[in-house]
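Input: structures, listed below.
There are two complexes below, and they share chain A, which is joined by chain B in the first and by chain C in the second.
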Partner chain A sequence: MSFKNDRMGTAEGIALIFTMTITTVFVTLPSEIVEASGELGWLSEIASDLSTMAMLFLFIYVLERFPGDLFHVSTCLLGRLCACLISIYYVIMFFSVAILLLRDFSENTLFAALPELDFHSAVGWYAVSVGFILYFGIEGIARAAYIILPFSAGGMILTFVLLFPHYKPYYLFPWQGTGITNALIKNGVLVATNAAAPLLAVIAKSFQSIRVLRAAAIFGLGGSMLIKSIAILILIMVFGTSTATERTLPFFEMTRLISLNRYIQRIDSIFIMLWVIAGILGIAISLYMGLYLITRLVNLPTMKPLIPLVTLLLAQFSMLPPDSASVRALESILVKGYFLIGIYVIPILLFAATLLKEKWGTKCASE
Partner chain B sequence: MITNNVITNGYYFLKKLLLYQPPSDPPPFVLEETPDNKPSKSDQVTGELENSFQNLETFLRYANRVIAFLTKANMSLSQGQYSDKTKNLKIEYQALEKQQSELEPILLAYQSGQGVTGERSLSTSLEENRQIIETLYHLPLNKDIVFREIDIASDPLVKTMAVFIDGMVDTKIQNYAIFQPLMLLGSDQRRLYDGDLVDNIIRKYLPTNQVQRVVNFAKLQEGINNGDTALIFDGVAEAILVNTKGWEHRSIEKPSTEPTVRGSQSGFTENLRTNTTLIRTIMRNSDLVTELFKVGRRSQTTVAMLYMKSVANPKLVAEIKRRIQGVCTDDLESSGTLIQFIEDHPLLPFPQSLSTERPDRVGPHLSEGRVALIVDGNPYIHILPVSFFTFFHASEDFSLPLPIANFQRILRFFGALIATVLPALYIAISYFHVEALPTQLLLTIAGSREDIPFPAWFEVLIMEISFELIREAGVRVPGILGTTIGIVGAIILGQAAITAHIVSPAVVVVIAITGLASFTIPEYLMSSAIRVVRFLLLLFSIYMGLVGLATILLWLTVILCSMKSFGMPYMVPIAPRTIAGFDVIVRGPVYSQNQRPDALNTIDQKRQPQISRLWKKKQPAEKGDEE
Partner chain C sequence: MRFRVAVIIMLFVTSLLITGCNGAKELDDVAYVLTIGVDAAEGDQLIFTYEVAIPRALASESPGKANLKATVDFVTVTAPTLTEGRNLLNSVLARAPNLSHVTTFVIGEDLARKGLTGFLGMTMRLRTFRGATDIVVVNGKAKDFLMQNTPEEVLPSRWFQAILSTGDDTGYYLRTSLHEFYVRLKSHSGSPYATLMGINPLNGEGRSSGPAASNDNVQHDYLPKDIPRTGGNPATVVGTAVFKGDKMVGMLPSEETRILAMLLGNYPRGFMTITDPLAPQHSINVNLRLGRNPKIDVNISDEHAIISINVFLKGYLAGIPSGINYESAENNSILNQQISEMVRQKMLLMLQQTQELGADIVDFGYYLRPKYATAQEFENLHWDTLYPNAKFNVVVTTHIQLTGLMHKTAPIPSEKMQ
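Showing the complex of A and B:
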């Protein structure tokens, strides 16, 4: 298992954060944002992403002064008990993200690609795939994500371009949607659409330097923000707010509209490959973060024995909600509540502790 | 009487049928795998110790007898009693001599028990040396070991024995450079034993380029096994190994598996020295180091490791050396076997070293800071470490103009992509995602499949397996017949399968394009790995369509990204990102290849100055500059 220090560079950092934050564009979230913010849905996405980026910079500030990973820094700043609580919180958060993605992508598969496949088989397939790639460690996963990144970003940009004939700019009006404040605060800053972003702090030790973290936060999250907000903008321009809110898989349904001529039409099937890969990577990365924190918490030498067990458990959990509506409800509770602690409260807490520690001039023992 | 009726005949027939009778033929040979009476290791050790103990007791008794004799002789000589006791002493001395000759086999047996093959030193007795060599080479069973005894004229005569393996030596060199000078140039007036005999022989009688003095049997054996002639002299516990290597081997020919249009036309052979020479003719630099190792306890195969001392990363060189020295096996079949012993991921299909039979391919890699491994007896040289992208580069890439070379490279990558995914993609789309096909194409495919009784996946699988069978048969069948089988198999079988409505024309086209594309990959091992992967993708796309295809492609990407080729990440310079040097998928102009591959961490990173075309900065030739 590879979670050795100082191995990953900027490319891996960008790929990890981009992959983890872009996966939401393939599920129902864009429709939900449009439903909440109306024509200003794209702004909500930008607000949410920028606020997450600001919090990431708080993490980076802390890590610059107290090098180490999240567990070490929390122990150093707040004591072992608090560090354990923070780690447990993030374990639950990353596992929740993994469960939601597992369920969402399994349902996507049934809906868009393999309607005759058994639901349990779909969940099992994703779980096995995730378990398999987890054995190769975060280094391999991050590098694979980096190789796939240009294809996924390029594929999405190409989709946006090919949808050009369907753009109806007047759908963006009335431009204020459900209100600017509503879009910026209630449906923007206070919605944790990038719950997995703190992964940079969780495995900070695995990156070469603080410069890498900074670049990953700017380009990874920034790139993802750009694509997601454009996706929402185009979603509104293509379907209009009322139809867009009804779409279960908005991105997939946008690709279905592409029909340039008799040869370039219905390219949605090709995009199945894109979102399957993005989905598996997203689940694997969230799972890895949770497992990493567990190994740090209980001081295990390796996480390998935990992989099949935890993957199986999470697959079981993901099958618990009876239908998509209950998954959406659960997701809404998490992104508007529980996940906000990991995005805002903990970084601010650690930042404040750092300021105090700096003021008092106390130092931390290195690991 | 009643002995020959139906009942008695029936009775005797049944009796013969049912009753056991010992076979009249001798029992057939059965190789027993684990005989029950095989002594255990501890029993063996105890038995060996007991034998050694008994031998030592015998020697001790003999030594005591010699001491007693010497004491007696000393006393009688000091007392001056010559006449009466000398006779007795003489008898006693003869008895001791007799006992010594009787003890010699025991001594030999004892010494062989102590490891004749080890570092045992040569004896001063020519006869004893001969006996040990006979034991080592299992004479008289072994028929190709030759002992040639000669006398070198000298005062006193030098009894000499030449030992060599018939067929491994060049008899001409042997006759002219060893036997002729030793037997003809000697003189009764000379006193070769005065001073250092071996040195005298080497300096005055052996006009050969390589001689080596050895003092133990291990080195002696190594020399004889490598085609040297061993000269052993009576009264000297030393031998001379004269280089007379001269076994038959294939001469330099065109590379059979790596043909090029514009590259060099000479390929490696099975002879290690020829191969190192071929590389040295390309890299004429004192910096090129050739280290030799012996691998294989029984085969003692020579392995050569070549690298540029001032370029290659010392850590990499040390690690490869450590791995080679850490191989413990009986024999080494080929360079491929050695690589499997030392590579990082021997269970994965992807090659982790570049195998080539072209010296012009080894040279540039050595100058980039890589290491080349040559195994004696194998014409394929392995270059390591390498990245995934190296396998798609051909040796003539830098010989061709930039646009042509890049076009060919892109074509190769595209070929590799088609060879990997096309059948799986065809199945996935035609089974699960037909909407992705243009209507006209969909109708054509559906029309061609109308009369086919099998599902599409079965057609593809049948054709894939048939193609692999044709390919394998074409390789195994010797000579021109192999090519014929390939053509006949591909054309006739394909046509017949379509006519018989076993497969559809669309599937034949898909498989033919896939097969053709797989041949664009320059490296055979990578091409084979891609074939294996293709089957895997095909199986999963049959089950899960594009979802299965995407998942397996992701698995492969993660595996490739986690792999290392002798410590270097397999997917450099893309994952992890390193300075690419403009030679990954496409290559830059030759004058912009200023840096060596970053991932190799070479001692000297610079390949050429920033401005490598110095003539650009100088004045053009003018009138009067002709000379």
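Showing the complex of A and C:
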């Protein structure tokens, strides 16, 4: 597979960023946010997403002045060594996201849909599916994500509406939850729930223009933020904070509660399909980003030979944590630590370097 | 070319694998459990009564001809947990038991009074059960209730679903789901409650339970076993089981349940019989509903809770046996006052009872939430300790808006009354 530039438009950009950031709503994260921020959990999500969006705009500012992808721009602004370090960092980050998603979605499949399936088989099937669709390249994946986007967003909004009889608005009070600073900073800005968002910078070359990146950041991440924060808000209104913190799969539990009458009930099976597709696409996109950076790092003409090898390795890694609790502990360490570098430190570093370059009037050589 | 061939082979293999046949069970291999009754046994054991559907019987007979004994089978096992009970059931039935279609959990009074935590935890954790499953408490043993229930429906599960969905017509019982029960149990502001069921002796005898309002001469406040009736299905749904934490501490009869429904904003309509204010030897029938959601305000003053309740009822006249013209503006106002005062007194009596039980089943604490800034402050309030000493200010306003298909009541000529 060779890399083709300038092929993806706004729709693909929005779909990629939306799919990559919405997947967290299907796993345990909303419960963990409610546990940390209480009744103000929805605000933590908004704070985290808005800060990520601000960082994406720093990336876009840099890319507007120095066109190219992340590797090229980092090389130009910080030198080859720093560019390699940044790329290696992001490779580890995207692979970690892929490993965590692979593990989470395999476990969720066992909990929610196929309890008799062997865990290793679940991981294996996800890995095979991901490996298979990776061969179609990022354009194919982005277009598939765009096709399911309206179903995914529409399905979630429908769930929120059908849950209306269960709403208890005062469960959103005491309005400060565990504390407003706690919700905004400690559990909001300082939690990288959208670790994969920098993908826009990683494959910036593949988009048609900077305008596309801007639209993807606003509508892709913005749309995902809206749905995730509403999901947490409704989770609190339906379950109350005490019960919400207990749930392993809060979104799945919400769909299971829908029982309006003899004809509208047990609709959760529809959503299982939806989140399995979203999960597979999410894993595939993360994996693609990591592979793309490797091919750029070592200047390979194609990533194709790496796909089966890396997919197999990541599937093995995802099976290493002995239990769900270890996965959640690892996830917590990553989103509150390692991923923050990719979300905040690197964009700020590149932005500062751009300002200095602009001040000194130096130019970068195009690729 | 090779890639295309690989894709075609892959799609072909996938289409074979996603048919759902792998691990599927034929209908003939599965025993669908419809209802589970749970009673307390000695020690930490539980008695599970499973009502298992017999699909063959349902298919072979027309619904009219099918009877309960033919369509379901009852299996009772004693086990320490729900999962162990399922294991033992598997040893009894030739088919694999499937609990995912359970629509109702029927809890025996003994177990409810002992506490439900151990039982509930499993129902919330296992994928098999859903939050939308109904939970009811029976005034007696769950096993006896299930065995004596002879519904008019072909399947008992359908009976449970149908009767629980018609509670709106009277307000004499409130449908409770596992989800609602569990959320109340874990919340810091209210106590859980559950629908009350029981077996009526069908001997035509019975008596009203609960205290009567001072202006109520026609009191009829019943628990399931107390309704004076004969004939029909002995299984009766009326009243509410009151819980403090996970333990049942009391029962509210029919009228008190209706008052609870009003306070919960869940009283769509219902006929009410009240004492005729101008001829106390007679009664008047009205159909009432909530004119708007009740306005409830809770304040804390000197570590005492003051609860203000404002309920607005509206409705229409359904019957005036005394023949007095309550359709007139003057008499209508007297009637409105009579209804308001009777409902207010009943409300105070019901609330007093819940205070004695120490169970805030209306969830008044819920209305306090916006008055606190942080979750910690609200938890430190310890609402459960404040509720038993709370003071109530209750205002009930009634507006009999419509007179039915008669706009006035003409008196019966006096000579015909002699």
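Note that in this section the second predicted complex is superposed on the first by the 365 of 367 C-alpha atoms of A that agree within 3 Å, B and C clash if a C-alpha of one lies under 4 Å from a C-alpha of the other, contacts with A are read in each partner's own complex, and residues count from 1 in each chain.
We adopt the following convention: contacts are C-beta pairs under 8 Å (C-beta built on N, C-alpha and C of every residue); 3 or more make two chains touch, one makes a residue touch a chain.
These figures come from a predicted structure and were not determined experimentally.
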First, second, both or neither for A:G240, with chain B first and chain C second: second
Partner chain(s) touched by A:G140 [first = chain B, second = chain C, both, neither]: first
Partner chain in contact with A:G177 - chain B first, chain C second, else both or neither: second
First (chain B), second (chain C), both or neither touched by A:Q265: both
Touched partner set for A:F111, first chain B, second chain C, both or neither: second
Touching partner for A:G38 - first (chain B), second (chain C), both, neither: second
Touching partner for A:G13 - first (chain B), second (chain C), both, neither: neither
Touched partner set for A:K168, first chain B, second chain C, both or neither: second
Contacts of A:G342 with chain B and chain C, given as first, second, both or neither: neither
Residues of chain A at both interfaces, chain B in one complex, chain C in the other: 114, 117, 132, 262, 265-266
Chain B contact footprint on chain A (complex, rising order): 2, 8-12, 109, 113-114, 117, 125, 129, 132-133, 136-137, 139-141, 143-144, 146-148, 262-263, 265-270, 272-274, 276-277, 280-281
Touching residues (chain side chain A, partner chain C) in the complex: 38-39, 111-112, 114-117, 132, 135, 166, 168, 170-171, 173-179, 239-243, 246, 253, 256-259, 262, 265-266
Footprint of chain A on chain B - complex, ascending: 429, 432-433, 435-436, 438-440, 544-547, 549-551, 553-555, 557-562, 569, 571, 574-577
Residues of chain C that touch chain A when the two form their complex: 3, 10, 23, 124, 127, 130-132, 161, 179, 182-183, 186-188, 366-367, 369-370, 372-378
